[in-house]
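Please read through the structure below; I'll follow up with questions.
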Amino acid sequence: MMTDPTVPEYKIRIENFSIRYSDGVESLRGISLDLYACQINVLFGPAGGGKSTLLRALNRLNDLVDVEEQSGRVLLDGVDISAAGVDVVALRRRVGMVFARPVPLPMTIRQNLFYGPQLAGMRAASSLERLLEQSLRQAALWDEVKDRLDEPAVALSGGQQQRLCLARTLMLEPEVILLDEPTSGLDPISTAKVESSLQELKGRYTIAVIPHSVQQAARVADWAAFFLQGELIEHGPGTALFTNPQDERTEDYVTGRFG
Amino acid sequence: MLRLWWPNWALYRCNNRDTGIVEREPIKRTWQEFLIERIIRATGVSAIAIVGLIILFLLREAVPALMQVTPADLLADRWYPVEGYYGLAPLILGTLLVTVGAAVIALPAGLATAIFIAEIVPRWARDLLKPFVEVLAGIPSVVLGFIGMLALAPLVRRFAGAPTGLTALTGSLLLALMALPTIVSVAEDAIDAVPVSYRNAALALGATRWQTIWRVVVPAARTGILTGMMLGVGRAIGETMAVMMVTGNAARIVTGPADLFLPVRTMTATIAAEMGEVAQGSTHYHLLFVIGFVLFLISFIVNLAASAVVFRETRRSERVMS
Amino acid sequence: MIRLSRQATQRIAFWLISLIAGLVIASILLIVGLVIVQGSGAIGWEFATGFPREGMKEGGILPAIVGTLLLTIGTAIFSVPIGVGAAVYLAEYSEDNALTRTIRIAIINLAGIPSVVYGLFGLGLFVLFLKFGTSILAGSLTLGIMTLPVIISTSEQALRAVPHSFRVVSVSLGATHWQTIRRIVLPQALPGVLTGVILGLERAAGETAPILFTVAAFFLPRLPQSVFDQTMALPYHLFVISTQVPGMPIRIQYGTALVLLAFVLSMNLIATLIRRHYRERRQW
């Protein structure tokens, strides 16, 4: 029985997007994909498939590396963000990112959280504090750190650091949150906390996540896209894709025959 | 950590992917940022401008001499500018003798000390000895010259039975001491950077520790060792004060190694000693700038050669990697 | 011909190497020890705060100490902003192109130029062409240019040692490139930059050849009044009293050498302490 959910509204539309790095490590060929608003969009597949590259194209972190060739369009609310002349600073405030390894900046917890909003010009202490509490609660970290906000962020455990990074991204009040294997280094309890945070956050944000395992992909995916060697193999609703994949390669991967 | 005041050769191996941030498109910036980035770029380019200025102003003061003196005069074997003898040969040979003497002492001693620190003593002693040797690099050359005059020269006179202790040999010994920290520091880094797996493989094949060091580790580190030696000797050529204070400063033609026990005069010492007394604008004055320009060229060539070694090695290792 | 066993060869080689290394280390100890032992007798309040008297054969070396301090500060004023700026350019802005390679070759070249040639250059450009005369200004500029390559290369290493991930995170949080440098990279690299700056200034403070024709005075009965004045300086003073003045008491010569050595080596010590202190406290 296959009940196609009505296709939700898309937030990001990727049209025939190709990219190649000058050192040829990873590349993407002709990707067309919609990421839906207020959904958890999962990008998964074996390593080197181009998932991270695609994620970094969504907030232009690709600008930091040598891109040799790029074509196609990436539309955020209908505006092409891959074009020259885009205000990438404003873009990165709308499209936040959490990385695989937690990277607390070398300052206190509070300074870490204030970093983004202060750069954006937010000065009023009252609104910063309100935003701080709200972000930490959303990242399920408030109770653990509320009394130690002025300690160095590196003093936190790995799981706490990663939730701090999520909270730090939420401080930007972004529209889209990108997560690149956010739980790859975490213990199961911290992983569960991050995953449940994501479930709560999807009510308000568009989420694109690269999971660190097929199991996690199946657990969290509202929509899932399977990438293999720089190509998009299959895209569909999570339940359908994991229980009844249409492509043989997808099936082989989700059932554990390779990868 | 090193007391590095020579450039970091390893940076040639960096590529932009994991270092600085390269913006592909100009992003919206405030005018302050635009201004700051312009200033930073200007400071970067200033290094080129300064080299240009140095060449320009050395030549500006040197060229008039070449109008007044023939090449044959310059190559003659007598330097006595007051009487119109402008031969640079004694000075060039003096620098050569002192430098070669220093290299003969410093190269083996530097390599031995580097091997000692990297391979023979335990780790804690290395962390103590390396900064200690590098302290030597911090001793001002005028202090070394002073000690050389008071302590080393009498020893040389007694040992060599020479009429004076202010000889080329005294200069060579001091210069060797000054070249040592550079050689030891760079060579020790290179030896230390040889992977442990090389050593283990050699030892597993039944080599003794010494055979491993001499046949495996030192050859593997030869680029760094060579770079250190070139930089150390390059430093020795340009050294001024210590040499001037201990070599006796007699501008005579060097005929052979026996002259090590006689006073000589180097190019650097000639500039330092005579610039204060010469009439500005005279042929003699301009000639001192000619000597300075020759020294500039020598250092340029030595340093370029040292960097070329690094460049070549980098390209080869990159080929192996890809 | 006797063939040595491999063990015997090793023993001889290790003995020889240890002997040479021991000689090198002993000679350093000897030099520093000699200056300290012989020089400490001359050190006293009057020596540090008095003017030279009786043709410099009596009294103190205050003008030389003050002159070296002034020259060191002047060197820093000029070389620190340009040196750190150039390091930021190389570490953060430069791309791998012909311009960057030319800059690097220029810096390598600057690092190798003999100090007496810097003196000639300073004489030609600052003293004569720009008509600063033999002055603190000309001497500081000359020493500053000589110090640039040290400051640039050590600062660049310090900047590059800051983890790349900090830069990526900062940019992903909406920082511009310059904001990332100012708020994250520079503060983190500061101890390393400071170390490099001190090491560069240490070298400038001990140099004689570059100041011979640009600033140094044989003897001045007063302290310099402006940047266009000449000044005495410790390294040049040591050179003068040890070679140019006959009958100079050996005590004063060693005392001057000790003050210079202490000045330079304490800068070295400060740099080492800064480095150690921050390495222990570093959060990455």
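For clarity, chains are labelled A, B and C in written order, and residue numbers in each chain start from 1.
Note that in this section a contact is a pair of C-beta atoms (placed from the backbone, for glycine too) under 8 Å apart; a residue touches a chain by one contact, two chains touch by 3 or more.
Computed from a predicted model, the values in this text were never measured in an experiment.
Just to note, of A-C and B-C, the chains joined by more C-beta pairs in contact are B-C. With centres defined by CA atoms alone, the chain at the far end from chain B is A.
With centres computed from Cα atoms alone, the innermost chain of the structure is C. For the pair chain A and chain B, the distance between mean C-alpha positions equals 53 Å. The distance from the centre of chain A to the centre of chain C, with each centre set as the mean of the Cα atoms, comes to 49 Å. Chain C has its Cα centroid 16 Å from the Cα centroid of chain B.
Multi-chain contact residues of chain B (touching two or more other chains): 16, 21-23, 27.
Counting partners per residue, chain C has 167, 171, 176, 179 as the residues that reach two or more other chains.
Shared interface positions of chain A, defined as residues touching 2 or more other chains, are 64, 89-90. Interface residues of chain A facing chain C in the complex, by the touch rule stated above, are 59, 61, 64, 89-90, 92-93, 96-97, 99, 101, 103, 105-106, 115-116, 119-120, 152, 154, 165, 168-169, 172.
Taken in their complex, chain C has these residues touching chain A: 163, 165-176, 179, 183-184, 188, 282-284.
Of all residues in chain B, those touching chain C in their complex are 1, 3-8, 11-12, 14-16, 18-23, 27, 29, 33, 36-37, 39-48, 50-51, 53-54, 57-58, 60-61, 108-109, 112-113, 115-117, 120, 129, 131-133, 135-136, 138-147, 149-151, 177, 180, 184, 208-211, 214, 231, 234-235, 237-241, 245, 268, 271-272, 275-276, 280, 288-289, 292, 295-296, 299-300, 302-304, 306-307. Touching chain B in their complex are the following residues of chain C: 6-7, 9-10, 13-14, 16-18, 20-21, 23-25, 27-28, 30-32, 34-35, 81-83, 85-86, 88-96, 99, 102-117, 119-121, 123-125, 128-129, 145, 148-150, 152-154, 156-157, 160, 164, 167, 171, 176-180, 195, 199-200, 202-203, 205-209, 212-213, 235-236, 238-239, 242-243, 250, 253, 257, 260-261, 264-265, 268, 272, 275.
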